[in-house]
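Two complexes come next, and they have one chain in common, chain A, joined by chain B in the first and chain C in the second.
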Partner chain A sequence: MSGVAQPGETATLEVEGLSVELGIGGRWVRALNDVNLTVRPGEALGLVGESGSGKSLTALAVAGLLPDNARVVAGSIRLRGEEVLGRSEAQLNRLRGRSLAFIFQNPTSYLNPLLTIGAQIAEVFEVRPELLLAEGGDRLGRGARRELAWRKVVEHLRLVHIPDPARVARQYPFELSGGMQQRVVIAMALIRRPSLVIADEITTALDVTVQAQILSLLAELRASLGMTLLLITHDMGIVAQLADRVAVMYSGSVVEASDVMSLFAEARHPYARALLEAVPQIDGDATTLRAIPGGIPAITNPPPGCRFHLRCARVFEPCVLAVPTPVTLGERHSVACHLYGEGRV
Partner chain B sequence: MSAVGLLRRSKLAMAGAGMFLVLLLVGAAAPSMISASIVRDVHFEGKLMPPDARHWFGTDDYGRDLFSMVLLAANLDLSASIAIVAVATVIGVVLGALAGFVPRLDQPLMRITDIFLSVPNLVLAMAIAAVLGRSIGNLSIALVFVWWPIYCRLMRGQVLSEREKPYVKALAVLGVGRWRTIFRHVIPNAIFPVIARAPADVGLVLITMAALSYIGFGPGPYVPEWGSLIASGQAYIFQAPWLVIFPGAAIFLTSLSLNLIGDWARDAFDPRLRS
Partner chain C sequence: MGLTGGNRLELLGYTVRRLGGLGLVLLGVSILVFVLLRGMPGVDPLSAYLTPGLPMSPEALKGLRQELHLDEPLPLQYVYYVIDLLRGDWGFSRTAAQPVIPALLARLPATIELAVSAVLLSSAIGVPAGIIAALRRDRMPDIVVRVVSITGISFPVFWFGILLQLVFFYYAGQLGLPALPSRGRVDDLVALQYPLTPVTGFFLIDSLVTGNLPFFASALAHLVLPAFTLSLIGLATVVRIMRASMLEVLRQDYILLARSKGLPLRTVLLRHALRNAITPVLTTAGTTLGILLGGAVVVETVFSWPGIGRLAAQGILNNDSVLVVGFALFVATMMVVVNLAVDILYAVVDPRVRY
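Take a look at the complex of A and B:
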């Protein structure tokens, strides 16, 4: 639902009309409904929503990592203009290796426990020797190339602020704390200079203080390397801190997309507003936390019309009858809600 | 801490490793130190002599030096049980990996292992050994048949759980190809618990082999083997208990040392304990 890429510029990521179904209990259930997203080069898009809103599923679809019980029924996903859907495993591997990095929620399980940190990161260079071309990697012998790769590994560990990187490179994953492991995973992602970095709830498994460190690291890397980021989170605070634009998902659809400033200033969709109001305020005098009544509807049995209408404070007749279509409100701001239908804005 | 470091820290594992090393050396040196003819060297006038300075373990019912017989048997028992476990591991790991990676082969292979595993170990080995005929080679083949399904199933389970682990997904995003993922990441991770099992299994195979040859499926009386030495000494258990005690002690010490090593191997092959 984000705006279309400007002419002459290929969007880093374009998701168009993506619909995905999950096989649950012997039948196919719609889990993503006509999802549209655009991430331009250098931009950070925050994808927010409750558990079960489909944000992680969207990210997995982009990375070609949908679980076996999921199928794409419609839509297109383009990474720098190249279609992701319908590729063979080998083609997909090549495309992903070139242009995509995925940082997962729980760093521990995303590292091979048997290999040292350095050996794992250095593997990137074995799979993609062209990454060493700038340093003349093609002219070097085996041993010298290995040394060069190792130097780059240590350099990248330093880049993510790992103390004593040369020593850490020789350690095993279990010897590092969760925060350090997450830094390693980030270094591993960065070393390939991917066009798009997908960060899926990367701070959820970490302590609050470590979360803050990882977030400021990401902000710093974004500034220094011009990293393009798709940030999956349920935390509005993280969005405010890191993202330029934000897309709010609810029950498999993007309900509002805009730049971060205007969303925080004047969110239009009742769900987006309610989400923002549910963020605790440190300077507020409220003693209770605001919450959105009810729960996200089960995708196996969605309500008719707008999927939010059962929990919506401003529900009126059309909400029960029809699924709202996205309406554009100003530049790159769109909302899918009957309140903003024709003539109502 | 390295595997060797872990070994040094555990006194029991050190004792086990030391004991096994001595047994291995003795077993390896035995054939070159002791003339093979001793087995056929029958002296009825000196039979069933108790241990003394000349015959450390006494003599058996043919008047043969029991010490030499036990040492010669060490060579046979150790090399056979190590070879059996090695062959069973290789077969099991290869077939188990195939079952884990190739869905089409999974069901057939697993049903075959079910057939093998549904028959009790000793009964299956007896049946195979009886069909093949009485020799140490045939006994070894029978034991390989008993042991490979264990490794096959273990390896398959490991591969199945390992290939679903998140880091394999991460490798896919990294652009690491299928074969590289399998051989460099999945198999090394999957194989460790299988290999860690092997030392303790050498001990188990040794006991099973001795048991089978004790009940008559082993090599004949002219091939020294611990189990058959006990079997032939059993008739004189009250007259000459050393005939049973010394080969029995040899079996006991070997399997004890292997179990101690097995415990260590289990810990050493677990990277989380290498701290």
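Take a look at the complex of A and C:
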């Protein structure tokens, strides 16, 4: 649905027709339906939607880290042109180590409580020893390699603006605040120089002021390191601040994908519009907060036709009858909605 | 990453705080034991000093009562009692024909050797079995482990001991197969032929450090059946707790992050999962060790193992109240000391505990 990579340029991430089922209560239920995404090198794609829309499941599928009760039924996932699906666990480990880095929602629960910050960051060198070779590490003995690893850890903690990085590297996660822990997780991702950073709701668990700090840090690092980013969020404000392109997910499908400017200027899908209107706005002296009526349908019992039609203000006959297919509206802008079907654009 | 200087200091402070608690517990135990000794209806403290059928003159009895402070008020008697305890005078055991403390200390190495072997054995079997069960949850290996451990916990341990003696000593001997010894710590003939130079009192350690290999082999063979029998007390619990704890830890977010780094499964399991999952197992193993160090009364008796549990059993049968009460106090002390050791081990494993 989103644009295909241009000739001669391999997309960092290409998800094509991905469908995933979850085993719930003894039967298989469709959780992702024909998801298409493209992230080009250096680009930041915002993946937006309510909780339960399948954003995180998509991210886990990209890393081959789907939970035991999930299975991919169709589609293809390529990281820098390499297929992820169907790989052995060892091949996946190599692929994850080389190409991917995750930053998750709640840093406190994602750091191992029993290992020091430094130890948790430095263990990435076990997976990618070549990161220590760049500065002549191949000629170094064990002790010197450890020293270089340690130096790199401290250097990256400084890069994410952690004060007194050498001391923090020797501390345990419980000795740090949530914001500092999230900086640690970011440093852990950066030190590997991954092709793609997947940031999953990274500010949701943090205080508002800390959220702003983490977001500006991410923007700064993206500018200085040319980081390619898959940014998963439910917050359109974060998308506006950090992303170049955006894909809106609803109930397991991408309903609209475009660059951020076009989406904010003229979102086409009624759900994408409603999502933008749900961002609190200050009009004159009154604050209006518009909510989308209803809730996301349970995946165990989805409505027929377009999954959004029960909550849609512009619902008409076809919505109940058929699932809309994506329509291309312009360069890298597509929408899956019957309003824009054949001959209606 | 090892412990840094600051971490060691925190650990020391933690240990000192825990030691203070230990003193309080022992004070409580001593009061309890004193009340049992003096407060039991119909039991005259003097009876321990009287030989049935050999009457004492009233003057001698009066003198004895005075000497034992039995005419003083109870709280004062308790103070005298505690002073005696602290001086190491725990009374004279008729059963062992020696004072209580030397009697217990002489038999302690045998008990420690057996208890530690049993706990090591149940951990060595139980921890991997629990991990495998967790990793293959609801599949064949898990089902086998669960069925075996529930069966194991359902049988009385002494029954299992007798069964092992029957199979590995009696039947194996009858069939001319190499049989395992069923009683004692070492073969008498071996002990005569290759006398052991005592160093620590632990047969395995002493024979190894003095290079007495025949003695070592015999002592090891004698240890197998009782240690295995005794290990069953903790085994089922270790397996079940290890499995549950591992399942819990594998669900944690930091395991997902570790996997997303591309770390091989082995590293994720050993470095990230096992260390977090092992703490509840430490508690179980520690408690079991405490219980076993207090003398595995039944198993030591079944295998004629010359430890403190067997001595206590003889003391009970002989109505040797001085010994039995001394044994109770000793067991409580052991339990408290082992618990302290487990708490310190916690703090070594988990830095959050040190504060």
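Just so we're on the same page, the second predicted complex is superposed on the first by the 338 of 345 C-alpha atoms of A that agree within 3 Å, B and C clash if a C-alpha of one lies under 4 Å from a C-alpha of the other, contacts with A are read in each partner's own complex, and residues count from 1 in each chain.
As a convention for this text, a residue touches a chain if its C-beta (ideal position, glycine included) is under 8 Å from a C-beta of that chain, and two chains touch if they have at least 3 such contacts.
All values reported here derive from a predicted model rather than from experimental measurement.
Participant: Put chain B and chain C onto chain A via the superposition and say whether they clash or fit.
Facilitator: clash
Participant: Should A:155 be classified as contacting the first partner (chain B), the second (chain C), both, or neither?
Facilitator: Neither partner.
Participant: Is A:170 in contact with chain B, with chain C, with both, or with neither (first, second, both, neither)?
Facilitator: second
Participant: Report for A:130: first if it touches chain B alone, second if chain C alone, otherwise both or neither.
Facilitator: neither
Participant: Kindly classify A:96 by the partners it touches after superposition: chain B alone (first), chain C alone (second), both, or neither?
Facilitator: Both partners, chain B and chain C.
Participant: With the two structures laid over each other on chain A, which partner does A:118 touch: chain B (first), chain C (second), both, or neither?
Facilitator: Second partner only, chain C.
Participant: Contacts for A:266 in the overlay, against chain B (first) and chain C (second): which applies, first, second, both or neither?
Facilitator: Neither partner.
Participant: On chain A, which stretch or stretches are contacted by chain B in one complex as well as by chain C in the other?
Facilitator: Touching chain B in the first complex and chain C in the second, residues 63, 65, 89-90, 93-94, 96-98, 100-102, 104, 106, 109-115, 123-124, 127-128, 172, 174, 185, 188, 192 of chain A appear in both lists.
Participant: Going by the contact rule set out above, which residues of chain A touch chain B in the complex?
Facilitator: 63-65, 89-90, 93-94, 96-98, 100-102, 104, 106, 109-115, 123-124, 127-128, 172, 174-175, 185, 188, 192
Participant: Give every residue of chain C touching chain A within the complex, in rising order.
Facilitator: Per the touch definition, chain C meets chain A at residues 1, 4, 252-254, 256-265, 267, 271-272, 275-276, 349-352.
Participant: For the complex, which residues does chain B have touching chain A?
Facilitator: Counting only chain B, the residues touching chain A are 165-167, 169-178, 180, 184-185, 188-189, 192, 271-272, 274-275.
Participant: Quick one: which bits of chain A touch chain C in the complex? Just the residue numbers, please.
Facilitator: Result: residues 63, 65, 89-90, 93-98, 100-102, 104, 106, 109-116, 118-119, 123-124, 126-128, 170, 172, 174, 185, 188, 192 of chain A touch chain C.
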